[in-house]
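Single-structure report; data block below.
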Amino acid sequence: MVSVSIIGGSGYAGGELLRILLSHPKVTIHQVTSQKFAGLSVGVVHPNLRGVTNLQYCKLEELKPCDILFVGLPNGVSMQMMEHFTKIAKKVIDLGADFRLDSEEQWNEWYKTPHLLPHLIHEFVYGIPEINSESIRHAKWIAGPGCEAICSILTLFPFVKHNLIESKPIIIDAKMGSSQAGATPTTSSAHAERSRATRSYKPTGHRHTAEIEGVLSKFNPDIKIDISATAIEIVRGILVTVHAFLKPGISDKEIWKALRAEYKDKPFVRIVKEKHGLYRYPEPKILQGANFFDIGWERENRGNRVVIIGAIDNLVKGTSGNGVQCMNLMCGFDEKTGLEFPGLHPV
Amino acid sequence: MVSVSIIGGSGYAGGELLRILLSHPKVTIHQVTSQKFAGLSVGVVHPNLRGVTNLQYCKLEELKPCDILFVGLPNGVSMQMMEHFTKIAKKVIDLGADFRLDSEEQWNEWYKTPHLLPHLIHEFVYGIPEINSESIRHAKWIAGPGCEAICSILTLFPFVKHNLIESKPIIIDAKMGSSQAGATPTTSSAHAERSRATRSYKPTGHRHTAEIEGVLSKFNPDIKIDISATAIEIVRGILVTVHAFLKPGISDKEIWKALRAEYKDKPFVRIVKEKHGLYRYPEPKILQGANFFDIGWERENRGNRVVIIGAIDNLVKGTSGNGVQCMNLMCGFDEKTGLEFPGLHPV
Amino acid sequence: MVSVSIIGGSGYAGGELLRILLSHPKVTIHQVTSQKFAGLSVGVVHPNLRGVTNLQYCKLEELKPCDILFVGLPNGVSMQMMEHFTKIAKKVIDLGADFRLDSEEQWNEWYKTPHLLPHLIHEFVYGIPEINSESIRHAKWIAGPGCEAICSILTLFPFVKHNLIESKPIIIDAKMGSSQAGATPTTSSAHAERSRATRSYKPTGHRHTAEIEGVLSKFNPDIKIDISATAIEIVRGILVTVHAFLKPGISDKEIWKALRAEYKDKPFVRIVKEKHGLYRYPEPKILQGANFFDIGWERENRGNRVVIIGAIDNLVKGTSGNGVQCMNLMCGFDEKTGLEFPGLHPV
Amino acid sequence: MVSVSIIGGSGYAGGELLRILLSHPKVTIHQVTSQKFAGLSVGVVHPNLRGVTNLQYCKLEELKPCDILFVGLPNGVSMQMMEHFTKIAKKVIDLGADFRLDSEEQWNEWYKTPHLLPHLIHEFVYGIPEINSESIRHAKWIAGPGCEAICSILTLFPFVKHNLIESKPIIIDAKMGSSQAGATPTTSSAHAERSRATRSYKPTGHRHTAEIEGVLSKFNPDIKIDISATAIEIVRGILVTVHAFLKPGISDKEIWKALRAEYKDKPFVRIVKEKHGLYRYPEPKILQGANFFDIGWERENRGNRVVIIGAIDNLVKGTSGNGVQCMNLMCGFDEKTGLEFPGLHPV
């Protein structure tokens, strides 16, 4: 059995990591930290785990060596301790933003704070198994992508790689659930204000732009992304509606071919483009708890717009589940281990 | 007192029309029809009106002459009876689609059925008081705009008229509540399926494209609109996120100037672009029951995208309230009469 | 015009008070205080009022004399300043709990803190216009009831007064929206936790027991109330399901008679017990923004249980609207003035 | 591998049965019927199963012999075909109401139609593993309980069996999600009407009274149950708030003892009565997809009321999951097999 520890297990992604790892047949959870809840059972914070485990939170200071260390800390905090983490754990999977970008300059530009460990940035592998599984397999340190970023990247990836769309404009209109804002209560997260909100909380300037362009520019250096993010009345889930423009002469067949080339053998990707039924395109509603990324598309009859639609559960494929998928690759396990839950319907 | 009758008063927009007109100080509701509920009190269908009125539904066949006739019938049905309606009423406000487009050809193209009264199409005035109040004042027959159309048109109008944005691409990403699909139960409207859906029900090919381009092309003949509509977990409300591209050199000041020029004196338009507070941009959440159209915008730092955000209550400014606003103009009343309800917070 | 000031206008009930009073034809809002938002427009906090008023918050210290003073302060704070308030205003309507109970002993028992102004307790009239409109008319100082209390009292009142039910057990199973917990963000109000909660937050020991028994024991001194309160996924609204037991031989006719005797002429009470339609019993869904109290009942075929159902909007008939109704009586206005909004359907 | 077939696999409980059985390591799904969707993949109806299985619906007429047959048919339909089912399958688990009651008379009284197979009623074992696992282990035919019934029975069972509460009144105030009304769209299930409803859809006369009294009267023949059911804004889940009265002198210790005696070793029962955290009592929110029954209680300080709170997912412990749990016992598998999913937080 591989021993796994989790830094920051009282947040929402940490809770999902616990849920997934507790039923993972090849690992044991060694330690899980929470400065606030140290000494208490994880079930106090994540009530779904009551009766499922007796695991208790410990302090960060009590952290012992382990095989795999998941790090779930606020942006800018992870880098303060990463050197220590890399010593204590054989492999590290960081779910935060600190080591996601391509360079120190990018970090400074988008996060407006100096990076404390710039020399480590290039040591981290950006972890999207559907794109770079080989690098992940051999990686020691993984930077898990942002939830909005991974959904957008996977939605655009086949279209960019196969040169189907113009390099700009590419507009990502993202609809987001409340859980992505984290577990700390704020005025904007209060139920009476947030309930049924349709709130343009980030119309421009979304930080994940850097990650998305970072990955996609490897396939087309001219790529230019514009994001708008709207908070809607769901707890879990992201839907991205990508508005892009097909290059002249691109046929439906070429689109299908590109999608199949990239995603046919990927266990967590489903192409959803149905003629019948209620769920003809991807929807986060049915992905809660599942590690799937669903993708669909439709082209405009009048003109060359193509609408590409991607959906994930931000707490699973958007963070914890994707992290476990990376871990599976790093440990030589079947990629799907522990991630088989298919989601619920209706819900 | 002006006597008003309503054709089709059991639907959701019909219910709002009843609510608004019942408290309107200058009109009396003469008749309200419903083939299904004839003989029953309107409170059976619209429970908010119980104890507020004793009005009962009658059959369409019982319709008597009146001053103002509101017509709320399914697309394609209104035109079957419009000649009769124009004889029985001094003025007609049609809330359906049949007389909204500019020509018979447009109708045939977008609605795929022959138009029965093509000679009447040009007799109807498309009713958006913020744009053509003078024509409305003198109109005999009004075609009320589609709810998604009016929200999109008002969001784009100052930018197109003042030549601030490129004529394409202009992408309208619309988030829609469940009430716009009407009161007839369907599999897709069932609560367990529709609840918390984030459903791309019309990624391309939205019919309101015709209306929007119809109005805006008067200001810029090259205008080209692309719509995607997503159903989200709200009952009432539309948020449109418009992604457009500023012409070279356009300053923030010019945008403010255009918005103020068009909307400063409009009683139902609010420019919402706040630095502080939770509601920094338009949100349909707080517009339920109100006749406001709220508009805001933000420009991207990297590049020339501008995101323009518009919000309405689809059942008020999107249909019934806007119809009453037209009626007020047609009758010489103060434009705001009966439409003062400001909406609720929180809700 | 009567001049009205509001202490504590940034909370949810304060916002509704502003909304209602801004359209009240016989009063002007003189001042509205908020220690946190002093100097800012009320529209920053209550976005539905943007463009409706230019009113700004002031500090409590700046309070000037006025005709009517509404006090919306946390429990235990109101009594610290009440002597000052009674000097500065001709009439005071306190929306908090400090002067609701019958005696100092009761206060100490239920609120576990000493009462600072015990001599004033008996000077306040408990304000439920449907029960004691005469006292209210002549009152100088009003204690507005708790939202759960007023809904429960009005639900039980005809049954207790007319001696239709056993004095115990009387079980009040209350379903509550999130707005009643107030505007201060807490862990329990965070959207991801509170959304779709069905949370037994007060299974026993509800403080409003004291108010309810206080009022009803005047009609039956043996009355004994048991409350359980469950938080459900609504923002506004209370539904109380009262489980009581009919005295032997009580007929339906006697129930109808009692209800009509008490409520027939009450402008804000509707008896809702329909054979057809979707809304056969009271529902808070359609009461949002309205000052109605809806009541219905059904008796069990096997045995003598009667289920009595009451619904209100906690922010309107549960606080601010009921306060304005009291003010109308105190000022000699028509009881309904400013309170005509009937609610929305669907919503 | 045991071969399992499902009659009626397009409904919501049928979908959950598919989800659970598809990941069950000891069974294979042989056939699943749907008259409406025969020939189509189950993923068309249950989109969470897309890519998880290639299983297609067949017609009822095509049903072949199998080891275990789950029957999910409307009330009154199951009995029309049960003789056939009992011939074709070694064991039958009926999820409908037809064989749940104790006698033909009870059926006629509560369901108002003649029973077609009265001689079979006594051959069915009512399946609640926490109460009668031994009978289930040896049963050939199981009648699965109603979802509201199983939740209420398990909530009351230790209190009745251990003689802690008075035999009456016992009031069950049930809060219900929309999925329990089934997948067929109706006016009352339409999103705009059902969304955020707090609807007293069955204040008295609930049919599950018969099942609940049927089971509990074996422990106390005088037991008398009163149910009120309210539809609330959740899709999945039932919360029952039971209001009962402790016999004189019953201590907390005796309650704990009774609960532990009955539930300590039950893998799907959790006693939830926490001093800290947000989820101090049972809540259906965190049970979605899980087979748990959570129970808690609180006693009133003034008087002898005890409030007992029970929660389940109506589609899992309320139907399909409980059915699989019965199957596990009947087949000699570990009771928990296939039912390990613990639910999600937050959701």
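Labels for the chains are A, B, C and D, by order of writing; each one numbers its residues from 1.
The rule we apply is simple: a contact is a pair of C-beta atoms (placed from the backbone, for glycine too) under 8 Å apart; a residue touches a chain by one contact, two chains touch by 3 or more.
Everything quoted here is computed from the prediction, not taken from an experiment.
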Set of chains adjacent to subunit B and to subunit D: A, C
Distance-maximising chain from subunit B - centres being C-alpha averages: D
Chain pair with more C-beta contacts, B-C versus A-C: B-C
Chain centre separation (subunit C, subunit D; CA means) in Å: 38
Distance between chain centroids, defined by C-alpha means - subunit B, subunit C (Å): 36
Subunit A and subunit C: spacing of chain centres that average the CA atoms, whole Å: 46
For subunit D, residues that touch 2 or more chains besides their own: 12, 179, 187, 192, 195-196, 233, 235, 278-279, 283, 346-347
Arrangement of touching chains [line / ring / star / complete / other]: complete
Residue ranges of subunit B in contact with subunit C within the complex: 12, 15-16, 19, 22-23, 44-52, 179, 235-236, 270, 272, 274, 276-279, 283, 286-290, 292, 340-347
Parts of subunit A lying in touch with subunit B, wherever the complex brings them together: 169, 171, 173, 175, 187-188, 192-193, 195-200, 203-205, 209, 224, 226, 228, 230, 232-234, 237, 239, 241, 243, 245, 278-285, 296, 298-303, 305, 307, 309, 311, 346-347
Touching residues on subunit B, where the partner in the complex is subunit D: 12, 178-179, 183, 185-187, 189-192, 194-196, 233, 235
